[in-house]
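Both complexes below contain chain A, partnered by chain B and then by chain C.
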Partner chain A sequence: MIGVIAKKEFLCLLRDGRFKWSILIMILLLFTAFLTGYQRNESLREVREAAQAKNTEQWLDQDRKNPHTAAHFGNYAYKPQGTLAFFDSGIGNYAGTTIWLEAHKTNFAQNRPAQDNGAISRFGDMTPAMTLQVLLPLVIILLSFSAFAGERDSGTLRQALSLGVSNRDLLWGKFLGIAAAVGIIVVPAAAVGGAILAFGLPNDGTVVDRRGLLLVLFYLLYAVSFLFLALGVSAIARTAKTALIVLVGFWAFATFIMPKAAADISRIVTPTPTYSQFYHMTERASARGLPGAKGPLAMPLDRQVKLERDALLKKDNVPTGRDLPIYWVAYSMQIMEDRDYQIYQKFLGDLRAVFFRQQSTQDHFGVVSPLLPLRSLSMALSGTGLVDQERFNQTAQDFRIAMIRKMNGELIDHTTMKDPLYIAGREVFSKVEPYKYVAPTLGESLAGETQNIVLLLAWGILSACFAVAAVNRLRA
Partner chain B sequence: MLKTIVAHEARLLLKSRATVFILALLVASMMFGIWNGLRAVERQNASARTAIVDEAAKKQRVLDELIAYEKFTAARGIPREFAPVNHAPPRPGEPPQGTNAGAVGGEKVREVAVLPATGLAAFSVGQMDLQRNYTLVDMKNKFNIADNLEIENPLNLMAGTFDLAFVIMFILPIFIIALTYDMLSGEKESGTLALAMTQPISLRTFMAGKLLSRAGILMLVIVAVGLCALLFSGAALGSLGDPGTWGRFGLWLLAVLLYAAFWFGLGVLVSALNKSSETNITILAGIWLVMVVIMPTLVSLTATTVYPAPSRMDLKVAMRDASSAAEKAESETTKAYYTDHVEMLPSKETETYLTVFLARQEALERAVEPVFDNFRKQQDRQAGLVSRFQYFSPAIVMQLALNEISGTSTERYNAYMDEVFAFHQEWRKYFTPRYLRKEILDSSTYKDFPKFHYTAESPNVVVQRTGLSLFGLFLIVAAIMAYSFARLRRYGVRENG
Partner chain C sequence: MLGANGAGKTTTVNCFLNFIKPTSGLARINGIDVQEDPIGSKKHVAYIPENVMLYRNMTGLENLRYFSKLGGHDYSADEYRALLDRCGLQREAVDLYIDGYSKGMRQKVGIAIALAKQAKAVLLDEPTSGLDPKSSNEFSELLLELKAAGVAILMVTHDLFRAKETGTRLGIMRQGELVREMLADEVSHTEIEQIYLEEMKY
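Now for the complex of A and B:
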């Protein structure tokens, strides 16, 4: 029985001109999105890899000079794309892509790609993820809003029920029929995505197949939630028109209004500090001591330096700094670097906590919009979310302090106060390992996503329950 | 007759709970929007204020040190000296860095060049969330100066702000669709259309009455809430006294009313097609989707595919190449020492340190300028393409116009950056010769340092940038209305089209 109903539903949909057009447009959009996403991502990957390789070359090929001066020249870390960025570019356009790692200064990742594209890019990117997150639910709604309500309007529901079809069979038949129609859109696109996954990506050791599979699973759950929801509303609504208005209204609310409103609310709850506030606090802490810290970090800088100096003088039993066996200038610079590293780690950590708290606030709104948990999961799996950006930021800062320790260390080891001259070349610069970004593992990507998985599952289960309950009370 | 219909319709509309609900939602979302916009502007202003206070404090510290030195020398009747660049604090009696124009203009003192918000900035956040509204100017190269990152969660930037512009572009059309999709079909489906047509009025007058009543009520709400938004944000930002603010507000009203008229026009058009309410709402929702979501993303995709922005990574690579090349041209001896830590340099070398540094900055700028230019050129080409394609979607027209009117567009930011770059040259011209002449800076000259004055764009520029697009939109609206009302002649009151 279910099969018969499904077949009838499927055929009816295919023969309807409106649906034919929307399916065709969706397929075209999805293909465009996949292909341009792939092409764009590959060219970005090339630019990035070339730039990072060139950076290493520039670092090693710089003129022979004092290692500390070399640290001033420093290195650049360029942000790699997520492995599945062709599918979901995530925050990629809005996150900094280049960090200058230099002596004395802790810099932010600069240059968000969005600033080089016009305001029109703020409408959003035509990525496969956007198409599936925003447009697919609408197509599902269009295919299913009249499933019950339309038959009720035309009177055929009465006939169908008079034949003794069980409500459950009716629901599952319609579910399968519409799902098959949606499949016409999604399966070819999934095949393209799968082909890119299998053959189109460089083998960089990331496990993409499991990520791909999970993406399919979560998007399926999302689509099924909308399908059940639409069927349920269609069963309850008095007319097809009402069902359509309610569903389209919910769609606009869930996919357009909520994400923006949630972002603003998360900022009201947890404000983001500004650039000038950030440096105001860090520079103050660097000079006068970190409030709430213990030990040397809590002291003003000059006091810490003096204490360390006195300790050295005492240890070596010499009267003045000029008599020290080590090069005090380099040594004191490293004291400052280590101090600043800890201070900036504290403030950057606080900032990171703000970002993640904002994300969590936004995820909470997943209770009213299934898009929000799906969006987070999709970015996390595609390697284009906040976790990935913060991994980049943190590994770059770790690289920076290691580079500076090496360079200052060279200076400390090879010079004295009486003979501070030391010129190094490639043989010394090559002691700094080139910057390498290691993407989060699948476990790390999903570590903060439990809530989202639960929310998305809840949407699937509850919408199914809603549809079943609505159909059980079906009135002709 | 028209008057009677308008009055009847208005009365009916205001008695319908659905209409009141829609209007309440519109008012609420506009208020939420202006509040968010105002918070964004206040955040920018606060960021600039903190920077100004911090930089002023840094300048004061340099000045205090200098004044102390001047007093010290005057009391002892000894001549003042010029301090070579040195990062270690001066010993008592030694000249401080404040005497050295190169050290002062090069790193000790920075000018905070602020792009002031317009009176209408809270109406559309636009592109102003991506970069700071101020630039810190010193004698470093202009590419480093131009890295104006403002801290923000990329997740929030991606979602964008729920501002008034969003409400106008995205939500307002939905409400207009809800008000217009069944103007005739609803009457027909309930059987009252034929009844109404037995009265001595034409269908077109009837339609005009329905349209005017709906548009009138909605526009009244928009004007009223818009005015409140202006008073609210203008009072907070202190911009109500500026006639420019009111000029911009007039332009804003014009743009919003035109955009609303476009969607009302579509409502009439769909009604004239004589289909069922259900079909009407599907068609209108489809048009909304295409105009507001699909078209803009497709145009954006086209613009960035045809004229992709050059990579900032390539810019950085070029900068470092130029820096290395400039370095190779420098003398071997300087490199042996700290070029960035001059406190240990023999005094002969410290005198060349800053000269070398400044020369390197300028060499780098000359070498990288062509690469940097490409960003602006490509951006201009993208903008050209978008402005040609904007008529495919009034939402694009609207976004460009609202950003322009609010002063949050890329064009205004770029014009500001050009002013900053010009000021950067002025800053250098002030300090470099004084440094090269080894002039001993006097504390009395500190108030004469170059100051950045933003030259606001003239109102004409805003009108020029938006006028043509808005006129184009007006033509589109006129065409839709004319066609729809002509089509109504063929409307069968009793049969379906």
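Now for the complex of A and C:
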């Protein structure tokens, strides 16, 4: 019985001119999204890989010089473009991709891809993820709003119910029939996506297949939620027009208004410190001591330096710094680097906590819009979310302090107070391993996503319950 | 069943189909309470409304096949064609979309749907209103065939003449109540009209 209803539903949809057009447009959009996503991904990936390689070469090929001066010359860290970023660019467009790592200074990631876009492309890139998140629900609504209400309007529902069809059979039949029509749209596009993954992109070791499978699962859950919701509303609404208005209203609320509002509210609840505030705080802590810290970090910089110097003098039993066996200038520079690294770790950690709290505030709004949990999960699985960005920021800073320790260490090891000159070349510079970004594992990517998985599942289950309840009181 | 507009004839039919919940009383088809077992009770009944509504993106044949399957019966394409032929639908219209059908043509598909169900009882809600006299006559012939085959028929109509021709018992409804019952054989056409007008005076 369900099969009979599904087949008829599918056939009628395919024969409907409006639906033919919406299906055609959606297929075109998805194809375009996949191909432009692929093309953009490839160009960004090539640029970054080339830049990272060039950077390493420049670092090694710099003139022979004092290793500390070489650290001033510095290194760039580039965040590599993950394979699945072609599907969902996540926050990648608005997050920095390059960090200059130099002596004495901690820099933020720069070069946001969005900076290269003109004013016209403010709407953002048309990624496959965005097309599926925003347009797919609309197509589902257009295909299903009249499922019950339209038949009630035209009187065919009366005819069908008079024959003794159960309401549930009708629901499942319509569900499957419409799902098949939506499948006509999505399956070819998914095939293109799969083909791009299989043949067009390198597997960067992030276990793309498992992530891809989960992406399919979550998007499926999202689509099913909208389908059940639309069928339920269609069963309750008095007319097809009412159903359409209610559903399109919800669509606009869930996919346009809520994501924006959630982002704004999260910033009001947990404000992001401004760039100048951040630097003011860190500079102050660096010079005068970190409030609330214990030990040397709590002291002003000059006191810590003096303490360390006095300790050295005592250890070597010499009266002045000039008599120390080591090159004190290099040694003290490393003291300052280590101090600043710890202070920045504290403030960068606080800043990261702000971002994650904002993310968590936004995630709470997943109760009213299924788009929010899906969007977070999609970014996390595509390797373009906050976790990935922060992993890049952190590992780049760790790379920086390791590089400087190594260079200053070389200087300290090869100099004395009497003979402070030390010129090094490639053989020393090559002791700094090039920066390499290691993406989070699947478990790490999903570690903070439990709530979103639960929310998305709840949307699927509750919308199904709603649809069942709605058809149970279905009236002709 | 006769009665003025708003007398409650369609409501009665709706009660049998469980489209309306009765405030009191029971509606039973083949002994089955329609409220207790709406699906089971509908197995035994076929329904033809005043306006048979069909899916406009499907042909007459496809509509018949779909509704027939919903009713629990399936036949071969030839059997469906024969059925539509028997109900008087022009052969060339069978494979056309419902969009181009007149009311009469849709009614004929509706009759075919009801026949395909092979139900023991048939509910008819002004099935011939708007049909041309020839089609109306053909429909009456079909009803008599069903009657001869032992099918119970409840027909709501304003056509006193056809009521007398096809019916066994005639009832007149007024304000939701059956106010008069008579046997069709025992009254003449003129008597029926007189009784009807008399009842409508109140």
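In this text, the second predicted complex is superposed on the first by the 476 of 476 C-alpha atoms of A that agree within 3 Å, B and C clash if a C-alpha of one lies under 4 Å from a C-alpha of the other, contacts with A are read in each partner's own complex, and residues count from 1 in each chain.
The rule we apply is simple: a residue touches a chain if its C-beta (ideal position, glycine included) is under 8 Å from a C-beta of that chain, and two chains touch if they have at least 3 such contacts.
Since the model is a prediction, treat every value here as computed from it, not as a measurement.
Model built by superposing both complexes on chain A: chain B and chain C fit together without a clash.
Of the two partner chains, chain C is the only one that A:Asp16 touches; chain B does not reach it.
After overlaying the two complexes on the shared chain, residue contacts for A:Pro259 are found with chain B alone; chain C is out of touch. Of the two partner chains placed around the shared chain by superposition, chain C is the only one that A:Ile5 touches, whereas chain B remains out of contact.
Rounded to the nearest 10, the angle made at the CA centre of chain A by the CA centres of chain B and chain C in the overlaid structures is 100 degrees. Once the two structures are overlaid, the count of chain A residues touched is higher for B than for its counterpart among chain B and chain C. Once the two complexes are laid over each other on the shared chain, residue contacts for A:Leu161 go to chain C alone; chain B is not touched. Contacts of A:His364 after superposition on the shared chain: neither chain B nor chain C is touched.
Once the two complexes are overlaid on the shared chain, A:Ala476 sits against chain C while remaining clear of chain B. Shared-chain residue A:Ala240: touches chain B; no touch with chain C. Contacts of A:Arg405 after superposition: neither chain B nor chain C is touched.
Once both complexes are placed on a shared chain A, the shortest Cα to Cα gap between chain B and chain C comes to 15 Å. On chain A, the patch touched by chain B and the patch touched by chain C do not overlap at any residue. Considering their complex, residues 1, 4-5, 8, 11-12, 15-16, 154-156, 158-166, 475-476 of chain A touch chain C.
Of all the residues in chain B, the ones that touch chain A in their complex are 29, 32, 36, 39, 43, 46-48, 50-51, 54, 126-127, 130-132, 147, 149-162, 166, 170-171, 174, 178, 277-278, 281-282, 285-286, 289, 293-294, 296-301, 303-305, 308-314, 316-317, 320-321, 323-324, 327-328, 335-341, 343-344, 375, 378-379, 382-383, 386, 395-396, 399-400, 403, 409-410. Residues 17, 19, 38-43, 45, 47, 49, 51-58, 62, 66-67, 69-72, 110, 113, 117 of chain C are the ones touching chain A in the complex. The touching residues of chain A, counted against chain B in their complex, run 18, 22, 29, 32, 36, 40, 43-44, 47-48, 51, 54-55, 58, 61-66, 68-69, 72-73, 76, 78, 90-91, 93-98, 100, 103, 108-126, 130, 134-135, 138, 142, 240-241, 244-245, 248, 252, 256-257, 259-264, 266-268, 271-280, 283, 329, 333, 351, 354-355, 358-359, 362, 386, 389, 420-421, 423.
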